[in-house]
Structures are given as structure tokens and as C-alpha cells.
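Have a look at the structure below, then the notes.
Chain nomenclature is as follows: A, B, C and D, assigned in order of appearance, with residue numbering initiated at 1 for each chain independently.
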């Protein structure tokens, strides 16, 4: 079973709001030194989905990421967990793209990798929240996709996916090769063992430039965008909260109940 | 494709009924179509869905395209993308809107990619740039910490819209519209996806999305026992229980009651947030609530910035006392 | 010396941070302060599965072949998490002492079990005289055929209440110098004659009184050489101090972050208190203080792992780090005001641990004196 | 004097080279780098009567005239200007722009007509200078970096200066001297070094010196790795200037009555170093940017604390 996982390096989405700033001139987020970079959490779950299949059936996991200044201690994490190979599309020409131009580059890299049965992506990246790269890769490669998976099982030439729906889930089956986007419902991701972490030292990432994957310069990165960002801004929160007081927590609770009845909320 | 005109809505049908999101989309689409002085069409895809057309017209559509085939009974990406491709190429709309639903989020990007255009998912506001007639699409990004406004030059402009972000029109059954039946023209051999089983999680009591009171527990609830307490309170208030993501990930609460960016979107009359910090990812799912009441022991928690009433203290003490007092007041 | 961890160490550190955030929330830390055992078994098992308990041991003893820098990367995160449990007593004090001094048989028997999470050990050195000097050891072990009989009371012994074995440092000979005539015995805690009393402590860490009443130990259970335990013990303590400094670095760093985060959020006089220069100054001072802790500790660890003399560096790191952690946590309380002082808050955990860390294995005064000696005074 | 030449050297050298490397045109690099390498002396011209650490308030004008600027105004505390050939100058090239925007970096020739250098003496007896510009003509090719970008360039220059100030060896030299002194000097028949209090004090100062050394090395490490040093560079400067004062003060206590004897005086010990340090070192907590201001920089840049809101007050004329 040959598997490919696409991951994105993002600023830690768990960072407190107070450290979040936007540069209105460039419509981009201003990185703050205290906020670390991480792998987008859904992408970590995509890695976990692939690892689970590798645990059960064996196989090879190739991880691909795209960007510039990719921190090795961030993007190498899947290697420490048991992935086999890391390919970095690391070039200024790759960045500034939208879902489509990013998917175009990733699909080109996947074609170059050649053999694959399953491709995993996170359901959406924690920064752009776009949620489209997976579907676009599948379309470019002409393979079936299943979105928002919580369980993935590989069975001879097919993959069975529990796909999250609004009120439960569906069990969907598609032939491989196929692309699966993975959601947090997959459950907890594993932690790297010390030996796994140290072993990743020996797995140096492979760097590919646009020419290496035969990408047309006009279709990658900012040049290949179909979507234009007109504006990026922070919504203003200005609700005035009335704090209900009281001697003890029990008093506060009773006062809250009285208040809610008084203003006819309950 | 300079001759693209009109707004098309991809309408979802569940149990033979127009979904809420479809009604909202038709309301939003009607407004955009009026702004453009162009037509509003609806695309209904499925098996045995033709009878929905009049309802869609009542909610604002001028023209209904119906693709009705047994093969389309279940949503399957390959089948539905082919249908959307076929109809869009035939109608050439300027704008194609879908709901940000299980189907919409899967279908929209793939269809847009095939139509060699762009898409924006999970939008909360739509406007027309009068100068270029381009759609201006507002979408929360960075987990709800920021908003982005996007546009695109390729046509059709595809977007999915978040539930409850738009308002449906009051249905007018006297409205007139045209119904066009389109043949699916599907080759069964080209459909590779199989839906083997549909599992619906059991829900007791009132459905979360429809509840007028929602009691939501956050990470601070600390375990599954706490959610039992919240359920009791919800029963007393005739409401439903929700959860932020961490309790669902930890297994204290079922995934189906997760509220937030990657869960359900609710906008009840009263939203009681218990031990919820108010992270943007969560607020994305409940900020439409009319009255937020926050109970948290951290006076600096972000939730108080969104709340109308707040109590600073330990929920373990507050919730039972609150429930008791509410019962007492109700009995009077 | 590097001022940054390498990529793998950064991965280890980040992974540990995520692991502890999930598996060792502050609610668990507080629960363990009250708990008599003070070690959540699930957490200990998971740490063992991740290879952290054996990180510093060679592979042939079930370890991970990690070096001192790997260890301090992990220790920083343990300090940040306020990790409860016997890591210091079992893995470091006892495990390292056995690793450096034990017989091949002892090492093969015990170290894999420590790494595997099956054995808890502790080392009993200090007594009622409250001193880390050799002269303070008065517990005696007298030879009797193939055994020794240990008699006396050890105090402030960490985690003895859950230990399977206690390494007891006892006097086997009255030599010319107090350093002579000390021997290390590996004692099964269940041996008749041992009484353990748990003491109530500031930081809720588990310190015990261990009374040895004519406790019989086989000669085979001597670790290292008879009468010559002191020098080797000091070497182990030196190594443990580096790790302990790193733990305090992690705690101090977190206390600083908590204070800064609060200062950004807390509004007084219509602006975040973090915009007042007086808060800038408190935070800036703490930033310099914490960085000083880091670099002194990193330098000591680096010199140690390179096999270079590092007595000066260790003395400086321990003296500075203990006091700076305390200053930083006290600053944190100042910035947080009442919220920091409530038991719901986290700052008090760091404030408590800062002091216990400062006092354990020798305080600032002790190590400045050690440094003065190293400087030839 | 042991440290004074070092002090001046630190303020006048080492800053311009890297900045010209980074911001200069190829012609400027060709012109200035060899001169700097050959030891050309620069004096720094940041401070003015109404602009201390807040460089944005500076008022010295550089008005365009053909291919030249005409400089008018005054600089203060220009250490070394009486010996230096060049003045590394922040001047206002556009008074219309907001105060941070209209400042440019210019190299002026201190021997040009219209320049007057007058002596100022600090309490430590160090010489510094006021420099007056009266219609002084400077070619525009002497402007380093784009016009109006002086503020940004200056910030990086100050960061370099603040780091540079911290790498001085003399705190270590002084502490080593004090340790030697304590070993050799007896009071009441016992070496000072046996006094527990003095042992603690000297051990602590020795630790402080190590921290200073590590701060300096970390800064070099960050520069090598091309990391942002704007908030960590001041660590060295703050720590060193305050440590210097501690060394001088506690050194005085260790030396007792002898501590107050000047170099050259009968009975003076350690060549009067501690006495001189006691006076000199007070200056260092405000030279190169006041330590109070630097602490705010550290907290805001390094930990993301909000800046103090600026009061809307009119700029003084």
C-alpha cells in the first residue's frame, strides 16, 4: 500500500487571540515570535489515518508539503511518527497560491512520485480554512474522493471510509487510487517515541523545485491564483456583558435564574 | 464566457423536503439576482425530487432545473459532479451557490475545479461589486479569528454558504416559475463510489439545530459526568446540549453535538456556555445566538466579550443551584 | 555550544509539550499533590512507552541512547507541565547511579525495568541534619556475615512511599575524612524494619522519612565499591542537577508566559495592564532572568555531554536557576494579582515548585560556595 | 584608562560597516568599507537637545539643494566627535512626513565648513561633544539607504550598538581582579576571600559575568542565523551596564576605604579601577538608549506586550 499525505505548516491555531494581528497593507497575518508553527491539526489526523493503515497492512507513507522556510522540526514530525519519506516543494514560486494553484503543484508532485494507492489530506487548513485542496487534487488526478473521514479501512483495491455527516456517518466505498480528506472525528493522534524522533534525523527531506515536477510557472503559487483576496480584517467584538454577582457561587446562580426570568429569557 | 448570466442555487432535499439551508440560499440568491437584474435558477438533483420544484419557486426561484434519476438517490461525488458540470455548461450561470453541508463542501470544490473556475467555501456574506458585477464573498478564516473578502474573475463564481448566515424569504405559493427537466445522462460504470450504509446517531429530545435553548459544555467540564448534569439542565429549560470540540475529541460527548467551525452551527434564542473559553473556532458555530450567557471561572475568558450575561465562578456549584432556582421559579 | 536545540530535540520537546498538555493537565497535577502515591500509573506507563523513562540509558539496558541535551529538552517540558511522579528519584538519581556504578548484573536487572515503567526507585541521602555534605550521613551499616545491618533515619527521601527499592547511602567505616567510608545499598522497600512516613510539603511532592531499624541487606546489594560511594554519588548528583535545572527552566518559562498572557488580556484603567511600563519592566527583567537560566543550564549540559569539566557551570546553573525561578514565579503572582493566588490558578504551582526546586540538591548559597571553591577562594 | 578607549571604540566602530553592507549602494560600499577597514573614525550623531532615545523627535534639518543636502541644527553627546573624521548622522530630510518617516541617515564630514565641535564633560570626566551644523553642505550620495528610511536603519544600528556594548571583556577583568585582591588581601589577619559574605558576593558577580558572556554569544549566534535580534540585543546592554554598576559598588564594599582611592594616588589598589568604574558606570545605563526604555522594547517586541499608548501632545518647536 503506497500512501501519500499532504501537510501544511501553519501558525499554531491554538494561540491566544491576543497574539493575532493582521497587516492591512498586505492582507496577511503578522507572525508573532511567541506563536509557534505547527502542522495543521487536520493534516496531523491525515497522517494518523495513513499510519493506522500502515500498522494494519504495511506500506510506504510519503509526506508532501509546500511552502518556503518550512521548519524542519515541524514538517519532519510525520517521519518521527513512522512516515517513510518527506518531499518538500520549497520555493518562493510555490507560495501565495490559492487552493487551486496549490493543488496543481501538489498533484504534479504526486504524479512524479508515481505509485500511490491512497492520498490523504486534512479536511481544511487551520489558517485559510479553505477546505478545497483535497478535492482539487483528486479532480486533477482524476481519482475518486471521500471528504471528512473519521475512519479509513483499506481492503484489496478498495477503500472503505466512514464519512462524517450532519447527523451521523455514512460508510462509503471507492476503488483505489483515491483521495480521502480526514477530520478530527478520526480521534487522537499518536505521539512520537524517543527512538522514532531520533530516527527521523536520518531521513533528510527531498526538495523539489517547480522545474523538478514539470509545473507551468503560470499555474503555481501567486501566479496561478483564481481567487483574489480583497480584504482581510478582524471582526470587532463589542458586546457588553452584565456580570451577575453574589456572595457565593450558589447565590450567583440563583441571581442569574432570577435575572433570566425577569428579562423573559426563560 | 462573457455570456454567463444569472444566479444558480444547488438545492438540497432531505426526506422529500427543501432543506433550511436551501431556503436560505434561495433568499440570498434572490437578492443577488435582483442586484444583477438577472434570473435566479435552482438546480434540484436526486431521485424522486421533481415535486420539490414548486416549493423552490415559492422561496424565490425563477427557473428550476430538475435532474431526477434513481442513480442519484444517494449523494455520490462522481455522479453529482457530472450532473452539475452538465447543467452548468448548459445554463452558464454567473454565480453558483451551494450550502456548506456534507454535500456542498465535497461537491463545490470538485465541480469548480472541473469547470476551471474557483470556489470559496463556508461564506457568511455575499455582495455584488457593482463596477465589475463580481461576487464579493466574505468568509471567516484563521479559525474565525479573521474575515477575508474574496472575489474571482473566472465564471461561474462558486461559493458555499454557512447555515443561518442568510435569511429565507417568506414563501409565496403564488409565485410563477419555469421547470426544466434535464436528463442525468449518467453512465453507471463511471460512478465508482458506493454508499454501503448510513448511520444516524441517536438523538434524544430536541434537535440541536432547532432548539431555542442550547446548553453547551467546554473543556472545563472535565468529563462525561458533567455532560449528564448539563442534559438535566437542558431538559428543565426544554433545550438541547451542545459541546465544544475538546470534549468531543476526548469522548465525553458525541461528535454529533459539536458546535463550531468544524461542527454544527446553531443560533438559538438562549445559548448557555458552561466552562467554554470562547475560542474563535467555537464561536464560529454559535455567534448567531440571540442571547449568550457565560459561566466560567476565568473572568478574563473571551466568552464574556460575546455574552449578554455572565457569571464568574465554578460551574459545578453554579449549575445545580441554577437548575434548582429555575425549577422553583417555573413552579410559581 | 548551541543556543538552540537541534531539529530532533525540538521535535521531542514539542511532542512532549503536546503530550503533557493532554495527559498531564493542571487538574491532574493538583490531584496528585493531594494523592499519597503522587504518581498517576497510566501517565507513567505512557511515558515509558514513548521511551522517555529510558531515554538517557544505553540501548543494551532498554534505553534510548539519548544524550544529556536530549534529556534536558524533555525535562524543560516536564517542568512546564509541573509533572508529578518519581522521574527525578527513579530515572535520574537511582537509575543514573546504578548506570555509572552498578555491576553489569545490577544494570541488566534494574535499568530495563525502570525504562519499562515496572520499577520505582529512590535514593536516600539526606538526614535530619539537613545537609548535602558527607559529614551529615550518620545512618550506619554494619557487616554481619554475608549481610549488612542498616540502622538509622533518612529524611526528605523523595517518593519512598511508592519505591520498590531504596538506594541507601550509609556509613560503613569511620574514616579520616567524612567522605570516606560511605557505601550505597540497594534495599528492597519491603524488607522488615523499614518504616516510611510521608511528609506534607509545600509543593505537594512526596518527601518521606525512612526509618531503617536493623534492616538486613545482602552484600551482593552493594552498588559500586564498599566505602567509596561518595565520589561516584557526587558525580551522579552533578548530572541530576543539570536535569533538575532544565526542569526549573521550563517552569520559569511557563510562569513568565502566564504573566505576559495575563498582562495582555487584563484590562484596568481602560487599557491592558501589559501596556504599563511598570509591567514591561517586570516582564523584561524576568525574560532576562529566564534566558540566563537557560543558557547557564545549556552550557552545563553541553560541557557535561562533551565530557568536559563542568563543576563551575553546574554550580552557576543551580544557584541561578533556583533563585531566578522563584523570582519569576513571584513576579507572576505580582502581575496576576488575586487570580494567581487562588487555587484555581496555575501560578501557585510554579511558585511552590520554584522553592522546592531551589532547596533540593543544594540552594543558591550552597552552590555559590561551591563556585567560590572552584574559583580558588 | 582601562575601559575608556574600549567604551569609545564600541560606540564609534563596528556599527557602520554592517549597515553600509546591508543598506548601501555598490558605490557607497566601494567608498566606505575600505575606509572603515582602514580605521576611519566615526562619531555617532543620534542624540539632540530635544531627542534622546526617541529618535523620531529629532529636528536637525537636511534640506535638498541640487545634488547636496544643507544641514542645520545641533547634535549632543557625540562621543569622539573631536577626534573622528565622520559623523554618522540621523537628520530630518522631510519635515512634512510623520515623525518616524522623514528621517534619513547621512554621513557628514566633521571637517567641512560650518561644523563646530564643542566639548562636554560627563561626571566621570569623559569627554563628549556637542556638534553644531550651520549651512553645512553634504552630497546626497552620502545618504545611506532610501530617503526617509533612516528610522528603520537607525533601529538596526542601535540594535548592533547595544549588542556591541555588551561584549566587552572588562566586567570579567574587574571581577577577576577583585577575586585576586580578596585572595591576597588580609583584614584582621585573615584573607578577605575567607569571609563567607565576600565569597558569596564574588561568586555571584562571577556568575553574572558568565551570564553576560552567554548573552553576548547568544546574540552572535542569532546574528549568524539571521534571526531577529531587535529585542534580544538590548539584553547585553542592560545587563552589562547594570552589572558594571554592581561590580563597582560591591567592589568598593570589598575594598573598603581603599576603594575610594584614585589611580595614581598613594595606596591606590587595582590601579584605581574600582573608583573609576564607580563613577563611569552610571553613564552606561542610559548611553545607547536608556535601560528603562530598552526594557519596554524587550517586553513589547519579545513577549508581544502592548506598547504604552502615545499621548496626543503637540511636538515641541
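Heads up, the rule we're going with is that a contact is a pair of C-beta atoms (placed from the backbone, for glycine too) under 8 Å apart; a residue touches a chain by one contact, two chains touch by 3 or more.
For clarity, every value in this text was computed on a predicted model and none was experimentally measured.
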Chain whose Cα mean lies nearest the overall Cα mean: A
CA centroid of chain B to CA centroid of chain C, Å: 53
Centre-of-Cα separation between chain D and chain A, whole angstrom: 48
Cα-centroid distance, chain A relative to chain C, in whole angstrom: 38
Separation of chain C from chain D, taking each centre as the mean of its C-alpha atoms, in whole Å: 42
Multi-chain contact residues (two or more partners), chain C: 257, 260, 264-265
Shared interface positions of chain A, touching two or more other chains: 18-19, 34, 188
Per-residue multi-chain contacts in chain B, two or more chains: 299, 314
Inter-chain touch pairs (all): A-B, A-C, A-D, B-C, C-D
Of all residues in chain A, those that touch chain C in their complex: 16, 18-19, 34, 36, 38, 72-73, 76-77, 80, 188, 191-195, 197-198, 200-201
Footprint of chain A on chain D - complex, ascending: 228, 301-304
Chain D residues within the chain C interface of the complex: 179, 182-183, 193-194, 196, 199-200, 202-204, 206-207, 210-211, 214-215, 217-218, 221-222, 225, 232, 235, 238-239, 292, 294-296, 298-300, 302-309
Touching residues on chain A, where the partner in the complex is chain D: 18-19, 32-34
Parts of chain B lying in touch with chain A, wherever the complex brings them together: 74, 77-78, 101-102, 105-106, 108-110, 112-114, 117-122, 136, 139-143, 145-154, 192-201, 203, 213, 237, 245, 248-249, 255-256, 261-262, 264, 269-270, 279-281, 291-295, 299, 302, 304-314, 317-322, 325-326, 329
